[in-house]
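Single-structure report; data block below.
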């Protein structure tokens, strides 16, 4: 029911259990595409699995103060973006995202990430936001690069995908840097 | 961050922990007004109490499938509206609400309740929505009456307020009735 | 082992896990009769289901200060009566009951309810007791009416039975009224 | 509310939270007497402590299938008797009891224990009941001896009382033995 | 990884989940031997069951301050020895142990028990250690007897083995006695 | 009681609650030194705080399959080393450590880390071990460098110390690399 308008075609909507079936369909439509970069695709074999995911995300996010949202494009679910667990002691957080194959190329994630970083660094007053992408995932890496994140390191063989281990590019954005960019 | 636009001045925003301080201020500004009809006002003695309330509401609502939202008017928190626990066996739910003293008279709760009933009976496909008001609370009773709810009974001395026991007027709206009204 | 004597033939005995098999048999003997008015009959397909029910009732009642009891007639389990969750803030409670088909007509529930209301309003010092019956369930409605409860409302289509939605007649008894009746 | 009649003056009543104040008073009246043999007397410094005890006993007993009861004499709480945790694998259970100083000498515990052993070995079909008493506590030891329990051992320095360590006399009764005695 | 050297061939190693498969194999190799005296052998039908046991033992021991260890002989798991729940109020604890059939006759349990008693009575400063053996289990009883434990009683028919009920010999060792022996 | 011998003066001993007082003393002796690099030093104001830490570490480690150990030098507690939460999906783990001021300069952490990496990559068969140090903490950084870890990135302003935000140097070691080094 709730929404955040990104532009006339695009909105963020906070996950709710009723979205599970949209999530499952989006995954199911582009399995071979998504499993290149997402380790959990093969384990998502039913709407129930997506509903479990939604409930886990809601519980984690709500207890911790963050949230996970669907990226909706022309009233279709196009992808997911969300905060990982906020570290309130050090005031840092990671953000993760993915997009269905047919929704690439419209800058959807870039607009979504911009708004999430605003929320994290300006609303929640966090100090640092981190995005990690597999090094070979060019499209994913382009998003933080476009927003001016700094590449801080290449963490080697830290994620196991169906195709084998991949390295992570770690991108960071600090609160003071983000304020200067606006 | 998320919102549901009611009109150009008014929005619903789902509760989040960061709202606790707005809730506490709204209560604190009109304690003598609110305690006439709300039993928990005197126990709300700190922002922490409001934050505990937010977390309990988030946990309950999210596990159960409903939600609680702030009613925001001209970017100020004006009141709260939310689903009680949904009974999924019988597909029924109650809705509760309250408004700060200075925000009366703009029809804010009426617009908010209309949207909540839409969500319950059309989105969630529930069968029945119930609203209960203290019989002496004229303003509160006017809201379901304006939307066409049926007065189904007067439950005697069922709520203990600082001023003593009050009766509850019970209003009901069924899915088939609501569809006809639209 | 424990008991409350209602008359020479009739006792209340607090539920214990060993009663599960008697409960299941009583339900199983009069399924078609009971499912007219009880939504959970069809889901009670084994002694284990009844034992789960007993444990849930014991846990709820004991934590909350109420209890659930079997109505025993000539040493046979005839039915069940119990407190719903006590609202200690407002000092109100609901009571529910049902009787096997073969035990109708002896006034068993009326004597049992009288004792439960005594306990709630005089021992526990509650302010209000509520009983809700499907409007079409004449026998069930006769019980609070016989004890002088007031009919306070007809809550429409609030319970889903195998035969469809039914209305609830809500009966209330206040502490001060009950004291006058004794 | 519920009861088990032992004789015209004496009943067992299952513990309920409302009994906490009677328990506390009974302990408080004979502290110096009770602390000779009960290690927890000095820690029972308020009605709240007794209420916590009642809730813990209810939770443990109910989950496990046993119970704890007050021994009531002429409508006064005289003492407590209860099952320890039942071992359902081996079908064994211990029973513990204590009596206020002014209620000694009426055989109250003996009648109560007899009924508890009946319940354990005949109703619950357990194989063995055990009673443990400090070796110096003559009155307490007389109870299982009077009922024909067998002294099976003296467990040395196993309980720390305010006066120092004491030995335990362990008494056992088997199902087949109890059946012969009746 | 961690160890306590008993002699050049023998060590104690605290249980860890990775040991589950060694435990299961040891049980599986001598089922008919072990089930004579251990009630849980028949229920141990998979490595998973042993892993569940390890996790339960770790949780219990760690919360309570004791531990359970494997007895390793020439780098093979030979048996298990561990503390039961420590009673910190009375400063008493029980110790249990078992050995695979092929590892009998090397005094492994005697050395292990000696070290456990040292830890309990000297490190943890407990007052009393107890060992219980089925009366017919000569090998098991020889262990506490060799270390000077006192036989304090014969608890009748208290454990149900596949072959029927057995009596327990209870052996006790007090802190002051142990200090004299060293 | 259990140990892992590093050399004739140095051992690892798995944490147990009885170590809490040694941990507290070690922290309390070199507060001004430790708070340069450890964010939790100021919050460790009592032995109880250290005991809470031990129990939390035991619970986390044991459930997850890792452990935390004290580094003991000449029978004195010199520091702590432990596994962070193991990611069993990707088979990666972090290791953290600290040493009291007076125990620097003996290579204690280097020997301890070597053994922990052996355990992680060879016993637990993990794929990757990670160590993170504040960039300004030369002594801490020297440890993974001495063992051949690769510096993979500098994560900016990610930890808040009493003196302000610091950057993290991230060091990684892969299983295949470690096997080559041995």
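Letters are used for the chains, namely A, B, C, D, E and F, taken in the order the chains are written, and counting of residues starts over at 1 for each.
The working rule: a contact is a pair of C-beta atoms (placed from the backbone, for glycine too) under 8 Å apart; a residue touches a chain by one contact, two chains touch by 3 or more.
Since this is a predicted model, take the numbers as computed values, not measurements.
S.K.: So which chains are sitting against chain A and chain C at once?
M.R.: Output, common partners of chain A and chain C: B.
S.K.: Go through the assembly and pull out the chains touching chain C as well as chain E.
M.R.: In this structure, the chains that contact chain E and also chain C are D.
S.K.: Using just the Cα atoms, superpose chain B onto chain C and tell me the rotation angle to the nearest 5°.
M.R.: Chain B sits rotated relative to chain C by 180 degrees.
S.K.: More than half overlap in residue numbers between the two sides of the chain C-chain D interface, or less? Answer same or different.
M.R.: Result for this pair: same.
S.K.: Distance between chain D and chain E based on Cα centroids, please, to the nearest Å.
M.R.: Inter-chain centre distance comes to 32 Å.
S.K.: Quick check: how many Å separate the C-alpha centres of chain A and chain E?
M.R.: The computed centroid separation for chain A versus chain E comes out at 51 Å.
S.K.: Using the touch rule from the top of the page, what residues of chain A touch 2 or more other chains?
M.R.: none
S.K.: Based on the touch definition given at the start, go ahead and assign the chain network to line, ring, star, complete or other.
M.R.: Shape = ring; chains linked end to end, path closes on itself.
S.K.: Can I get the ring sequence of chains, opening with chain A and turning toward chain B?
M.R.: Here the ring, read from chain A toward chain B, comes out as A, B, C, D, E, F.
S.K.: Over in the complex, which chain F residues touch chain A? Could you list them?
M.R.: Answer in residue numbers: 39, 89-92, 127-128, 130, 150, 152-160, 165, 170, 172, 174.
S.K.: Sort out for me which residues of chain B touch chain A in the complex.
M.R.: So the residues of chain B touching chain A come out as 1-4, 12-14, 16-18, 55, 58-59, 62-63, 65, 67, 69, 115, 119, 123-124.
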